[in-house]
Amino acid sequence: MHTKKTINKSITDVIIITTGGTIEKTYDEFDGSLENRGTSIKNRILSKLRLPYTNIHVLPLLSKDSLYMDDTDRELICRTISSEAKKNAPIVVLHGTDTMADTAKYCFDELKALTIPVVFTGAMIPMGFEDTDATQNVTEALLSAKLLHPGFYISFHNQIFEVPFVHKNKEKRTFESIERID
Amino acid sequence: MHTKKTINKSITDVIIITTGGTIEKTYDEFDGSLENRGTSIKNRILSKLRLPYTNIHVLPLLSKDSLYMDDTDRELICRTISSEAKKNAPIVVLHGTDTMADTAKYCFDELKALTIPVVFTGAMIPMGFEDTDATQNVTEALLSAKLLHPGFYISFHNQIFEVPFVHKNKEKRTFESIERID
Amino acid sequence: MHTKKTINKSITDVIIITTGGTIEKTYDEFDGSLENRGTSIKNRILSKLRLPYTNIHVLPLLSKDSLYMDDTDRELICRTISSEAKKNAPIVVLHGTDTMADTAKYCFDELKALTIPVVFTGAMIPMGFEDTDATQNVTEALLSAKLLHPGFYISFHNQIFEVPFVHKNKEKRTFESIERID
Amino acid sequence: MHTKKTINKSITDVIIITTGGTIEKTYDEFDGSLENRGTSIKNRILSKLRLPYTNIHVLPLLSKDSLYMDDTDRELICRTISSEAKKNAPIVVLHGTDTMADTAKYCFDELKALTIPVVFTGAMIPMGFEDTDATQNVTEALLSAKLLHPGFYISFHNQIFEVPFVHKNKEKRTFESIERID
């Protein structure tokens, strides 16, 4: 896990691909549902951060609970990363936590010659809640996307995990490293 | 600017040295003053973050507006960093923004054989305000302290600056890189 | 709608009976559900208000979405109000909005000789959300419970409605007065 | 302390006269000062409340720490209340706490034939702080302005005080009733 050798003195572009997940669930006061219906990362998170050196491009791709994602969705995410990677800007992917490690591994297996860092993140509690961990996770993902070497990572709760050596620990309500078999 | 080669799979110790500055000013509703009077980083920031892999040690050193810091204060900060560095854990220094780059440079000049990353940060608006940038800056400083190569840095507004090539831009209300003379 | 003639110079007791509803739904980050499971009004709302002259007694009675309340529940709420009213302190009832007017009317029909004000309130968005109207509604219900004449009221969105001349307007996402037939 | 006999079924107009005080102090991140410089009640408080039946008119009159208010200021406030009262809408006055009771008594002595309720309020901690009591106090003042009989009141910390039987208790950081001499 290296970081780039030179400091980017000017503005850094970062692409955020949104796919849904708990982090993006919103409450509908009309019917009382808490569901994925588009992204509100700009209003809910980005507008509250100070990012004078970061030029963010939000690409809304999917709006799904990750429990319902299948390989068709993963293939779409993978192709989108591959296509966006040509812009040579680091990528952050917002994703549900339940199958985030699966999607990240799927992309890791498919995209071998990656020239940029791709950082997956999400949240245990949706943005919009007072106790959400979404703001923290997005803040950290944006910074790590600038610092890390090309490759796939999960950034969660102030920790960076290298894909594929990571899985969700449902009981601990966070991610954890899994052993590498060398 | 490299990061460490191996992932720290277990808990990471991080030392936070607090010296005051805008980030730590608190409001006294009895007399209406907004001043430095000790640190409240635990209640105000750390208690709201999820840090399952981070073991934080807060070391309250000074409680000063950085405009009133002199070389005696800087020498104290420098000696404390030098002493704490022996514990081999990354260090975050909370500091006022007005002379943060000066103190960081002072320490950079004094401590040449540093074996850990030392990340200075602060805020434009004190913690405790709804619009504070303190939570963002501390979140980023903690993560960058884990990722960065040994050396002195300022982490501010989702950007990492290498000391001594950094100064505050008062008009832009943030830090910025200054040119290296090679 | 009168208020009491003399100012209560000392501490005022207020009883809060909680029955569930949107206002009290909480998020479980383990299974992603947003449901009624007990009251958290003390931590989520009361602890954030300044109430130097108010002595609050929280009585957790039910924890139900009001769509699922039946006359057995209403009878229980009614009997509890009747019993608590003997303490001669104003009562606030937290209740789901969908059938709040029905329960309030049920109690109004049953308890004719009420000697205290009983103020129903709830919320369109649960406490715990950044955009919740729960804090506003509870703040207003507490104050109006002190000011109003004995009787049944719904307090919502800075407006007081007399029971039974009130119903929920689902489209407008608030309550509204209905005409009295004299 | 009576409330109006009939329910205002339609929209209620409320006039808010702002005069400064702690409640309206704002932080300037350029020079680090916390001072009165105009009102931000619309952005900071009113935009976060749900007021479907309240039509608020904000009248920015002064922007002063109430410790620096003199009788010229009080005369201005008094004349403004008198003039605005002709619109027959209840009035809320935002005012510093240190001399709020003095200003309220000054107006009470001058304006004997008041036909509307005038409710003074302020805060111990400015709006903009996470722990501010400004939102609570404004919410309560708006509601009490609708409910109370014509007269002068201070609304603070969920308690209504009749002018002139009220003063600030600096140690308790709130207002309290003083005995009436009948």
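We just call them A, B, C and D in the order they show up, numbering each chain from 1.
Definition applied: contacts are C-beta pairs under 8 Å (C-beta built on N, C-alpha and C of every residue); 3 or more make two chains touch, one makes a residue touch a chain.
Treat the numbers as computed from the prediction; the structure is a model and nothing was measured.
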Inset, instruction - Specify, for the interface formed by the sequence copies subunit B and subunit D, whether it is same or different in terms of residue numbers shared by both sides, with half as the dividing line. - result: same
Inset, instruction - Measure off the straight-line distance from the CA centroid of subunit B to the CA centroid of subunit D, and report it in whole Å. - result: 41
Inset, instruction - Could you give the separation in Å between the centres of subunit A and subunit B, each centre being the mean of its C-alpha atoms? - result: 26
Legend entry - Separation of mean Cα positions, subunit C and subunit B [Å, integer]: 47
Legend entry - Two or more partner chains touched - positions in subunit D: 124
Inset, instruction - Pull out all the chain pairs that touch, please. - result: A-B, A-C, B-D, C-D
Inset, instruction - Using the touch rule from the top, collect the residues of subunit A that touch subunit B in their complex. - result: 1-7, 9, 49-54, 124, 133, 135-136, 139-140, 142-144, 146-149, 157-162, 165, 172, 174, 177
Legend entry - subunit A - residues contacting subunit C, complex: 22, 25, 27, 29-30, 32, 34, 65, 124-126, 128-131, 170, 173
